[in-house]
Amino acid sequence: MESVWQRLRSDGYGMLGFYIIAVFALAALLVWSGLLGQSWAVVSGGRWESISSTHWFGTNLLGQDILQRTLFSSATAFEVGLSVTILSTLLGTVLGALAGWFRSSWLDELILWVKGVLDSIPFYLFAAAIAFALQGNRWAMHLAMVITFWTTTARIIRGEVIRLKQREFVEAARAIGLPPRTIIFRHVLPNTSHIVLVQATIVFVAAIKTEVILSFLGLGIQNGVSWGLMLAESSQEVLAGHFGNFAAASIALFLLLVGFNLLADSLQDAMDKRRSVS
Amino acid sequence: MVVISCALLIWKIVYKPMNKLPYFVRRLLFGTALVLGVTFISFLLMVHFGPDKTYELIGKNPTEQQIAEVRHALGYDRSFLLRYGSYLRELVTLDFGLSDSSGEKVSSMLARSLPISLLLVVPGFVLGNGLGLILGMLAVWYRGRWLDRLVTGASVAGMSVSFLIIIIGLQVLLCTPHGLNLFPVRGWQVDGLASYLFYVTVPTLALVLVTLGYNTRYYRAIIADESEREHIHALKAYGATPYELMLKHVLKNSLVPILTRLMFSVPLVLISGSLLLESYFGIPGIGQVTFDAITSGDQPVLKAVIGLTGVLFALALTVNDFLYKVVDPRVARS
Amino acid sequence: MNTAVLEVRDLNLSIDSSNGPHQLLDGVSFSINAGETTGLVGESGCGKSMTALAILGVLPATGMTIRSAGIMLNGEDLTALNHAQRRRVLGQDISMVFQQPATALDPVFTLGQQIAATVHRHGISGRKACRQTMLESLELVGFSQPEKIAAAYPHELSGGMRQLSMIAMATVCKPAVLIADEPTTALDVSTQLMILQQLKRLQTEYKTAILLISHDLNIIRQCCHTVLVMYCGRLLESTDPESLFSHPRHPYSAGLLGCIPKLSATRPPPINAIAGQVPALTDLPPGCHFAPRCDRAIAQCRHTAPEPESDNGRTVACFRPMP
Amino acid sequence: MTSQRTHPAHPLLELRNLSISFRDRRQIAVDRVSFSVLKGQTLGLVGASGAGKSSVARAILRLVQADGGEILFKGEDIHRMKSQQLMAARQRIQIVFQEPSRSLSPKRTVAESLLEPLQHFAIGSPTERSRKVKKILLTVGLDHDVLHHYPHQFSTGQKQRIAIARALVTKPDLVIADEAVSSLDVSVQAQILQLIQTLQAEYGIAFLFISHDLAVIRQIADGVAVMYRGQLLEQAPADTFFSQPAHPYSRLLLSLASLDEPSPVLNHQQQLNPDGITNHRPSACVYSAGCAEVMPVCGQSEPARIEIKYKNQNMRGSHCVRCHLYDETNINET
């Protein structure tokens, strides 16, 4: 990992992405710790007030301060992003490693079947079905995303484990009789840490974008506010010429996603250079 | 849990002999297993855990007997497997009964809306992937120079914009007095090419903008990968021109990953892509039908759409395997 | 003295990296005569493959700069050509055979298509004429059923047959110079000799000058008229193989010869190796790069690089060459 | 290197009719191979790539499942060993691979890689283990500041020394070197061969040295075994093998390796048949297709493994060959 960090620092765009994410992460931390964006629901002004000293981004239909709502939404975004990314990457890595290690065995075929099934259900219908099944549970959206996002990570990790399993250092470990469990977690998976990191950033972006659309469909965030809800609100306001809500949510969302995409690209290049070396 | 563990046991036993079957048969079996899996899970979520329609159809404080009657009519009293069996039969015969909200025959709804969705999605799909491939090739051709950085930058931006923002943004820009106001905000009165173009332009533009970023980055990565291969450097030593290298050797070697992406994005774009576009632009395609089904919880329609998409995806998977054989000689003759 | 078909004058190649430029090739000069094979021998990373790619001007990585006093092919300076002119020369007057036949041929085109394309690119128009030339070239390298080979994809042939097909492609336009970059390394002993025999046959028939690059001194000894020993991008010695094997002048050549395990009826003495290891390109020692490992090194070796001096056809770059 | 013969109860390692095939018996990799390695002796296993040398090595370590035959380590068949016995055997047999850059776990320091076998076999206390590791590093010519670095920070030669150290740390009786010097440069190869020669002399370790390079084998081996397409054609003490090879294939290999006179042009049949085992007819000698001294009988029946009888007592039972040129009656004068 250390060689990646040096290479990342030397890549301007990668660092730019990292700093953008850091700023948003700071905002999210402040919101979680109650120092920022707490009065997002308070009606503190008239309808659609334009930008002023009290409301830096103006107010929305109900007179709620758009800046507060945008800040709170960045915390929601991280909450959705982190929970989905961590769970789906863990699931994808473990199942991918198992499928790869026991290649063309019944376990591999089973995991591929489950993956195929989940890939072929249209995501938004699946999310709707989960929302029905869990009757408006706060975590329905997150669950739906975790269940379907792990498949790409699993496919990539499976390919990598198949490649690594033929390497001589794995055969040496098997030759002294180390159990598969130890070999996978001590020798094979650490060498995929790169791919997991790149895949995690990509899943994070996908999670945030999906939240926006699910909220628009009414299946997303139930309590609290998110950029998706703000955009859903703004879809009507915009026709009436009030762009405050729309502008704030889309710019914030755009910046955070650009940050993650820059980081993902830079990590990907760092990995390709490293792979050409090893 | 018991069901799952004995299913696992059967699978372990069945797997060994099944492996002996020829490749073609195995892929077919895998395809059907996929469809079964999709339909089972969607049935489980839709019907088993789905909303119970009984109380909506009966008035206030119904009698035991009325409840039993309605439940029987809706088929709730039959065993889980039987109902799943009837669902499969519906899928095979494409007769999904009546829609809860509009009462219309589901299959005719689908038959009416599918062509509209295709008309809506195909231009965006072709442009999105075509442009993506061309930009990808240009980026590799001018690798390291300003055009490459421009394309990479633009694709990062493209990937960072949510579909919803593009739709709302384009609508304001092109369909409202605040912007150019050239195109309709909603609606789909298509009776000829002119009216078709009139209604399809903005949704297609939205579809292209949202997929172009991902497509360009994906195709750029493949083309760049293929042009670093050793046989490309070797051909340079035989005086091959850059055009010949890119358009003949790199492209043909990249054909398989390109086709894989096209095959797998067909179901994705057709269903989820059209869902948003049609619900937002008021186009009566399969997306609109699905959107209404989601918001109103119209089970038969949801079951039908999920079932059909599952079949479509399994088809894409198996067709893709055969495409591998046709396109890539290494696979064909190994 | 035979006319020199290819003459390389003071070829320098450097690659710039995060901490400044690194010298890959340093003042490499040699010439090859028609109908003769010159062997370029050295250990991996010494720059022998880079020399070949620099001569052809098809360097893989960007960020590499070539400086030379001219690379003369039949009197024409390749470094002065623009891209279009160079592409006409490559594959026609000078061409190359690569080490890994498995990855050096395009996997999705048949051998026939690839060779015919090279023929078409260099002046022969018309499908029938190209196909005819292509089949002849395959026959020339020893295939009894050229049609079968022409219709096959690279992954369907054995390593040896792929390499033969590559030789056919490289020599289909009867080039004046053929560069063979470790053509036999990836092959078995029996196939290796088949390849070397075909190269020798082509040479005698078409007077092709061959630059044979290898790390295997035995092969160099059997096929070459002159041998160039390269170490860390510099030519240390150039001589005929017999005198190199009987009494090498440069300590590094002597060390290399000592390292080769001998095949003898009686049990050979324990092997003797050169101390230390090849310095990394990023921190080359000053003066003669071999000095730190050389038991004959003197103070002068450590700060100035010895210039190659030649007497009666043998050159050596060393302040204290072996007697 | 005295080559006097000690006769312990059993040879250190003995293979009896070992057979291995892949893709459920369709491709035979190893066909009834028998040879033995005596304690403290080095057997050179020679043959072209695809002759099955590596499969034999992997079968001995149980990395690959053998179809038939026995692998006796100190008289016990490795395939029938229970876990405890197997663990002890695995401690005594180690392997060094061809590619140094792929033999060490990239994300673990040299110390961790060297300590792993000691921890796994629970040899000595932690302090003893680090002492053993430091001692082994000195034996292979490295000092212990390499311990905290990662494999990618070393040259190919240093990596192979670390791989050898890892094989020696559990004090093995037998080390299998699978083309351990084949991808090294001449000067690095010489250093590693020098190291192996000192290990043979000082530690009395037996080596099964696999290589396609006869000159390397000559430098290091006490006995030589030749494999061709999965079968063992000849096994003999080194001096006998290199002075009067019995089998025609051995003679061909020797003439090719010595490069002193142009090799017989291989007939086209062998040229067009890709190396590796595909169409192997059990009823004929496996080398009959390419043999310069082929006789009619070679095409009809498979030669049995016979021992060449020698006058002097010492050579009895050490030279055997599978070729119709020889039968029980041949007495060698030496």
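In this document, chain identifiers A, B, C and D correspond to the written order of the chains, with residue numbering beginning at 1 in each.
Note that in this section contacts are C-beta pairs under 8 Å (C-beta built on N, C-alpha and C of every residue); 3 or more make two chains touch, one makes a residue touch a chain.
This structure is a prediction, so every number in the text was calculated from the model and none was measured.
Colleague: Going only through chains that touch each other, what is the minimum step count from subunit A to subunit C?
Modeller: The fewest touching-chain steps linking subunit A to subunit C number 2.
Colleague: Ranking chain pairs by contacts, what comes out on top?
Modeller: A-B
Colleague: Whole-Å distance, subunit A centre to subunit B centre, using C-alpha means?
Modeller: Computed value for the inter-centroid distance: 21 Å.
Colleague: Averaging over Cα atoms per chain, report the distance between subunit A and subunit D in Å.
Modeller: Computed from C-alpha means, the inter-chain centre distance equals 52 Å.
Colleague: Centroid from C-alpha atoms only, then distance subunit C to subunit D, rounded to Å. What do you get?
Modeller: Averaging C-alpha atoms per chain gives centres 33 Å apart.
Colleague: At least two partner chains per residue is the criterion; list those residues in subunit A.
Modeller: Touching at least two other chains: none.
Colleague: At least two partner chains per residue is the criterion; list those residues in subunit C.
Modeller: There are none in subunit C.
Colleague: What are the residues of subunit B that contact at least two other chains?
Modeller: none
Colleague: Answer with line, ring, star, complete or other to describe the graph linking chains that touch.
Modeller: It is a ring, because the chains touch in a row that closes back on itself.
Colleague: Quick one: which chain pairs are touching?
Modeller: Those chain pairs satisfying the definition are A-B, A-D, B-C, C-D.
Colleague: Looking at the complex, which residues from subunit D come into contact with subunit C?
Modeller: 1, 48-49, 155, 157-158, 185-191, 193-194, 197, 212-216, 218-219, 238-239, 242-243, 252-254, 256-259, 262-263, 265-266, 268, 271-276
Colleague: Spell out the residues on subunit C that touch subunit D in their complex, using ranges where they run on.
Modeller: 43-44, 142, 144-145, 157-161, 188-191, 193-194, 197, 215, 217-219, 221-222, 255-256, 258-268, 270-274, 277-278, 280
Colleague: Which subunit B residues qualify as touching subunit C in the complex?
Modeller: That would be residues 144, 229-231, 233-241, 244, 249, 252-253, 255, 328-330, 333-334 of subunit B.
Colleague: Hey, which residues of subunit B end up touching subunit A in the complex?
Modeller: Against subunit A, subunit B makes touches at 8, 11-12, 15-16, 19, 30, 33-34, 37-38, 41-42, 45-46, 49-51, 152, 156-157, 159-165, 168-169, 171-172, 176, 178, 185, 217, 267-268, 271-272, 275-276, 280, 290-291, 294-295, 297, 302, 305-306, 309-310, 312-314, 317.
Colleague: Report the residues of subunit D in contact with subunit A in the complex, numbered from low to high.
Modeller: 58, 61, 63, 86-87, 90-91, 94-95, 97-99, 101-108, 116-117, 120-121, 152, 166, 170
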